[in-house]
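Below, each structure is written out as structure tokens.
One chain, chain A, appears in both complexes that follow, with chain B as partner in the first and chain C in the second.
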Partner chain A sequence: MSDSEDDIILKDLNDADLVAQMHDDLYDGMADEVKEGTQILLGRGWDANNVLAEALVEGMRIVGIDFRDGILFVPEVLQCAGAMKGGMELLRPILAESENAASTGKYVIGTVKGDIHDIGKNLVGMMLEGAGFEVIDLGINNPVENYLEAIDKHQPSILGMSALLTTTMPYMGVVIEELDKRGILKELPVMVGGAPLNQEFADAINAHTYGRDAAMSAELAKTIVGKNR
Partner chain B sequence: MHSSTQKTLIIACGALAKEILAVKEAMALTDGVFDLKCLPAGYHNYPNKIVPGLEKIINENGDNYDRILIGYGDCGTGGGLDRMMEKYPKTERLPGAHCYAFYAGLPEFDAMMEEELGSFFLTDYLVRHFETLIVKGFGIDRYPNLKAIYFEHYKRLVYISQAPSDELIAEARKAADFLGLAFEHRPVGYGELASYIAQLAPKETADV
Partner chain C sequence: MTKTIIGSATKELAIGFDRPFVMIGERINPTGRKMFSAELRDRNYWRVKKEALAQVEAGAQMLDVNVGVPLADEPGIMAEVVPLIQSITDVPLCIDSSIIEALEAGLSVYKGRALVNSTTAEEEVMDRVLPLVKKYDAAVVAISNDETGISQDPDVRFEVAKRIVERAHDYGIKSEDILVDPLVMPIGAINSAGKDVFHLIGRLRNELKVNTTCGASNVAFGLPNRHAVNNAFLPMLAGAGMTSAIVNPLHDGLVQAVRAGDVLNGLDPACANWIKAYRPPPAEGEEGTRGRGGRRGRRGG
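Take a look at the complex of A and B:
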């Protein structure tokens, strides 16, 4: 940190100003500042859930809007995500220990077979965690067997699949068909996402829900498990 | 008899402009065998701009041409390009999902992905503009930490070259080193782009 005179001293701000400042810092990808802000709010007795929701998730929601509108591009969004991660690392152990740690639900997510794009998936995973989901991330290049195994092992409330290539999108349909054949689909809502997808495609492959962006996907996921206000 | 009176417009990705002209020259096609208009190569990273960009040019110029060749693959439009083209019967496009596939040849591209899914491809164009499009375009210059985030799952860089020179090969190798990937060079030439342009040639010269 420089000691220029206009530097804002985070701990001198009142709660509302600090949260607003954290949104700005998150937007600017300033990981250290976001961490410091998180620490200060916790120090002032804030509940970790509220720090997560009001400072971090809300900040990232704003980032998501400007990404969608073409104001921010991938590198900036990744810096923002990095900053959010820093804050989350501080909150995670507290959240895990807290009494009311009732998880929103389990969410298995992975990029489909043949595809190794994972930025969008990771962002969605982070926002899901922010929304209280226990996220099981299968990583990239997942054949149907991986999804089946994870469903069997973790009994998730939602399955999410990501694809960024025109050539790998159809594989989502293959997985959904297999789930249907095995009678899993009627109990397990499947969400799909990735830049080349749209609602029509999601409908065509019989997906439960299409998630256009990370913040919206987290909200939709909460609605699916009945945890949305 | 080829129909020399047929007027053809090619609307291509800016990343193919030089290559389309090189193919034209190699086939000794006369000027006027087609007109060429390009969209910015940067649309690559913003695929939702591709369809509206093409449609604008088609609407402004389409009436003056008998045939419109679109110099794009699907290029991440998620089938959107094909859906748009259904509205314009004069249009056709390059085969496959993207330029890497139609340069290498569709089955050959699939084979390379089968061989190593962690392959990152560079064409002549991307080698020439690696610094601008990859290093700066993806913000690696501003945020060096992003290199590892982008390329974590990649193993090799495959330079699928059109008209490789020693210089281009050296540049491509440098790019691989920069990204920490193994380097391979596969001279694939112009692939399906050449066959595509060749349709426009008078019959006698079509297989140059």
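Take a look at the complex of A and C:
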């Protein structure tokens, strides 16, 4: 930690430096600082969508890359996500009211029926939020009805399913079949993930995309909705 | 003193409070292993044999057997793999599946007293697994979660475990034949995960008087150098009163860490097992002239 005289005064920075500093603060998981930076940008008349995209989502994109490359680790990424949340608390009410909220997309996610594991799924959810997705988390142990109801209610751009057990992962196929029967599958890309899965299995059950890990899943999700760069 | 007896046709193993920590080898499990899964589906078991022998050689006192390949005939595979493993090694086995038919397929051909992995506190699971455990006079792993998931509060997990133990009693299964898995959460996500488990092990041991087991490696999920974290965790678990764990005995330093834990917990009288395992080999030309054991055909277990 630096001495107080070396401390960076966020409000003294110009916009470009402040945004860069917010990327660093996100990376370091500093929730208060990220929140303060968000507040300052809003105070300077920034559109909430721009704050989200340029400061928070861009910061988490950098986090995602280093997580994928094994430079950052799970506890650190959880802290980053916590810091992002600090900024989001300020932005969410504004974004909810604005007409042209530019969320990356809506993503419904849940662990399948019979399976109660959620740490990996939560991590994916956080990375997706970091990528600017509005994430609707159905939690654990979801029968097909839960997915159908959430799809109907939220009209997501992607559905994600998670399973940690070899005995529960086939249930993903059951959900996908049901979506197909109802004519939803051709409209809605389905991503699947979880420790025992692989590409081969994802193909076998007719999933759109296999997400190998949390960082990769967020990247692939952005690609699906055409917002990757 | 609580003592869980597991056995093969010729060998008996006691898991208990005053006994060395029991390492249950986890590597006969195709989860996340593409080649292994494909081989099992083709009923090609060379890797099963290899993993069995390698783990026993490394120091596993028991082997977990999981042949869960999605969309394959798991009961059929289990019924073939169990006798195969029993034909090449005499360590007791833990029949591991979440498919009831696969558990029964394994139990019905098993020689000795098996450990069943596992039941949870979910009503539907207890109703199916516990009668099977009774029917085959086996022991059972009881995982402390129910329909609502895994509670982060260790005292809630205790109540869940207690519910399984009480239900097992209803089926005539004794406390000593239940190994409770208190569930180890990742320390990277929940900073109190270690302390929670130590606390819970104490309660399980003192209040329910049951033996315990766990999949320890989950603790280091998402951390760099995770084997070192595991190797430190296992003796800490043993120190807190845990009596067994499902581990990979081939991981560097793991078996040594567990055995050193036994020594330090006073469970290796005169440090005999430790010395036998790690006595420096005799220098060249001195074979048979110095040291104890080994050369006199005293190969105790």
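The rule we apply is simple: the second predicted complex is superposed on the first by the 159 of 229 C-alpha atoms of A that agree within 3 Å, B and C clash if a C-alpha of one lies under 4 Å from a C-alpha of the other, contacts with A are read in each partner's own complex, and residues count from 1 in each chain.
The rule is simple: a contact is a pair of C-beta atoms (placed from the backbone, for glycine too) under 8 Å apart; a residue touches a chain by one contact, two chains touch by 3 or more.
Note that the structure is predicted; figures quoted are calculated from it, not measured.
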TODO: Pick one for A:74: touches chain B only (first), chain C only (second), both, or neither.
DONE: both
Open item on the list: Between chain B and chain C, whom does A:170 touch in the aligned arrangement: first, second, both, or neither?
Closed with: second
- [ ] Examine A:196 and indicate which partner it touches, taking first as chain B and second as chain C; both and neither are also allowed.
- [x] both
Open item on the list: Per the contact definition in the header, classify A:204: touching chain B only (first), chain C only (second), both, or neither.
Closed with: second
- [ ] For A:82, select first, second, both or neither according to whether it touches chain B, chain C, the two together, or no partner.
- [x] first
Open item on the list: Just to be sure I follow: which residues of chain A are touched by chain B in one complex and then by chain C in the other one?
Closed with: 70, 73-75, 78, 116, 118-119, 140-141, 165-167, 169, 195-196, 198, 201
Open item on the list: With touch defined as at the start, can you tell me which chain C residues reach chain A in the complex?
Closed with: 30-32, 34, 68-71, 97-99, 145, 147, 149-150, 185-186, 188-189, 221-224
Task: Complex interface listing, chain A residues touching chain B - done: 29, 70, 73-76, 78-79, 82, 114, 116, 118-119, 140-141, 164-167, 169, 195-198, 201
Open item on the list: For a test of understanding, state which residues of chain B touch chain A in their complex under the given definition.
Closed with: 45-47, 74, 76-79, 97, 113, 117-118, 138-140, 142-143, 145-146, 149-150, 153-154
- [ ] Note which residues of chain A are touching chain C in the complex, please.
- [x] 70, 73-75, 78, 116, 118-119, 140-141, 165-170, 195-196, 198, 200-201, 204
